[in-house]
Amino acid sequence: MPVRLARRFRFSSSHLYRRPEWSEEENFRRFGKCANLPGHGHNYRLTVTVGGEVDPATGFVAELQGLDELVGREVLDRLDHHHLNDVIPEFAAGRQLPTSENLALWIADRLNRKLPAELRLISVLVAEDEDLAAEWLRD
Amino acid sequence: MPVRLARRFRFSSSHLYRRPEWSEEENFRRFGKCANLPGHGHNYRLTVTVGGEVDPATGFVAELQGLDELVGREVLDRLDHHHLNDVIPEFAAGRQLPTSENLALWIADRLNRKLPAELRLISVLVAEDEDLAAEWLRD
Amino acid sequence: MPVRLARRFRFSSSHLYRRPEWSEEENFRRFGKCANLPGHGHNYRLTVTVGGEVDPATGFVAELQGLDELVGREVLDRLDHHHLNDVIPEFAAGRQLPTSENLALWIADRLNRKLPAELRLISVLVAEDEDLAAEWLRD
Amino acid sequence: MPVRLARRFRFSSSHLYRRPEWSEEENFRRFGKCANLPGHGHNYRLTVTVGGEVDPATGFVAELQGLDELVGREVLDRLDHHHLNDVIPEFAAGRQLPTSENLALWIADRLNRKLPAELRLISVLVAEDEDLAAEWLRD
Amino acid sequence: MPVRLARRFRFSSSHLYRRPEWSEEENFRRFGKCANLPGHGHNYRLTVTVGGEVDPATGFVAELQGLDELVGREVLDRLDHHHLNDVIPEFAAGRQLPTSENLALWIADRLNRKLPAELRLISVLVAEDEDLAAEWLRD
Amino acid sequence: MPVRLARRFRFSSSHLYRRPEWSEEENFRRFGKCANLPGHGHNYRLTVTVGGEVDPATGFVAELQGLDELVGREVLDRLDHHHLNDVIPEFAAGRQLPTSENLALWIADRLNRKLPAELRLISVLVAEDEDLAAEWLRD
């Protein structure tokens, strides 16, 4: 019985897009006002979708209490009310910019390592506003 | 031409989560305030997605009037403004709890039996609030 | 400096409309499916608006932590995941029905007694769904 | 690394459903008030989803500036604040009616021809209101 | 006891802004693409707010069934799935343009004449999209 | 004829709450995670409500093009994609913290000085997320 559960979370963070090896002009040409120092921010919405068997006793694919704790500890505590360029090693080292795409990949990687074995991560969708969202989707 | 049509419906129902063979403590440990007697409620949103050929005359995958009547008769009339633990035999007999997962499966089973042959049920998504949704998705 | 702060809360509760001294026919004629036994439910949204001076040190009209605790203790703990006909004395005694209007009045009365003196309750708005809201508004 | 980017656009247009070779009665029987002359309108939301590799330098699957210009020029400039029955040749010639299904197919065809080679069009979703959406989805 | 009830309705209509005594250039200078022939459309949301005494028997300020019928008959049947420039005499005669402001005034005038005596019309808010709304508000 | 027009704008900014003369402990006790360095951010929504006479020729209370330009130049260009603690003198000098309350007051003051004489500023509402909004309201 293929059933999925989609759970939405929220976090409010700041970020900016800049590559230090590029000139000011190049940064603004590619990133527009997203290159402004010292950054700006968003109310992010994160939707985590998992699949699995429905537990016949509870009717749940996933126990929400456990899922919420996991996403809270592994993701929200790290990102919420922080500056995204600082708090993830790949971003802080300048190897990656904190785009919604890279956030979705980082969150998916983190949750894939920690989800209980009976749950399968299907999708991680990161929306920075009503009009833009990036999604990691299992092949 | 793969085209899908997603139609959203609403119903307002009450429910609670309890297993009679469990102790009070176990029920509250697993279900939290969702175990409170005699229940609580939600404004549910139901999104039914069907696929099919676009009718060249009308440009429709599905005639909305017929789809709305079917979902109204088979689903909404049974659930809307009712107590979910009472109105579905599997729930009333205590074999299943009225979670969003079980609702999605029950609705999908019901619509799969009744949809006209030219329509293929793709997904049944049941959201109990803005942050939690269960989805039955055709393999 | 007239500044107001509007804070939104959510609770999920069940209720029904019935007057025991009325016949079945009269109850359904007046209340429609809202008279169905044993009830149905909603995701309520509650917006509490307060006015006051902006504290020059913090820039706040109201400290959110205190406001959230007050509304949580006085209102949400009483209503959330409960059956509204049971949990408020006026409703349980059958003197009032748990409409959005009566909920707004009950919440306004309760908050008016407990709000700190420097805050003035301006409005209590109770919405049972996207299309219906009742508001108590200070004269 | 499978990452998708979903970008939402809006346009406000008018349309109506009528087949000239059908009688008035037949048009109203099939299309209801959507057959009213000279038409009605909607605030459409269009969600374009593309897939591709994440550019290691920018962290983007797609440069938004280019995607927005493309959709603006190829789609929005043609549809926004226009009467849909007039502005697309298949619709104007009476070969197709301007349903959400046909709009999704027309937009998908148009974007498939013009998207840069490194992007893959995954989905075109056209919603005429909160409750009805048609989606072209790549097989 | 000052209680208000806000009820939301929806209608989907088309319109355009043009003054026949103005040149093409002047029409486009003032109205932009809203002057495009033969028009465009919106999903309008209409919020009607009424005030009154709470009926002690029902807990209602207004019986929804009666309010919905009144607004349906007096307003929605006239506007929904129609072209606004045609269906209101002041608009059809070219004396007024079908802006949200003029719609709010027309609806308020119509409801003020027909509301039962125990209800007081407080506000008529007409929103043509998420970002623009006009409101008639009782002095 | 009392008619109001409400226009919604959006901006994405970062901010933090800290008083330099307070200890770390005091800052976190009062501001919680809003005191985190170097800040976090939000998608702000700004609703500007103006009142005035309906122009008989256009049916407008306010010409949107002019209103949008004014708010863009006076407010959005200053705040959008910037760090709010930096861009307003009162905030940068540490005299005020960039709360929604202070933003509403700053925006209201700025618009009151620049609105054309025929428009009256009624309200400036600043919402930092779905659940919190501050409003300056004309007495």
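For clarity, chains are labelled A, B, C, D, E and F in written order, and residue numbers in each chain start from 1.
Following the convention adopted for this analysis, a contact is a pair of C-beta atoms (placed from the backbone, for glycine too) under 8 Å apart; a residue touches a chain by one contact, two chains touch by 3 or more.
Remember, predicted model here, so these are calculated numbers, not experimental data.
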item	value
Shortest walk length in steps over touching chains, chain A through to chain D	1
Contact-graph separation of chain A and chain E, given in steps at minimum	2
Farthest chain (mean CA position) relative to chain A	E
Farthest chain (mean CA position) relative to chain B	F
Copy pair chain A, chain B: interface residue numbering same or different (half cut)	different
Chain pair repeating A-D, as identified from A-B, B-C or D-E when over half of the contact pairs by residue number coincide	A-B
Interchain centroid distance [CA atoms averaged], chain B/chain D, Å	28
Approximate Å spacing (C-alpha centroids) for the pair chain D, chain F	35
For chain B, residues contacting two or more additional chains	none
All chain pairs that touch each other	A-B, A-D, A-F, B-C, B-D, C-E, C-F, D-E, E-F
Residues of chain C defined as touching chain B within the complex	10, 12-15, 33-34, 36, 38-43, 80-83, 86, 128-129
Interface residues, chain A side, partner chain D - complex	17, 19, 30-32, 96-102, 104-105, 130-139
Contacting residues of chain A [partner chain B, same complex]	1-9, 54, 56-61, 63-65
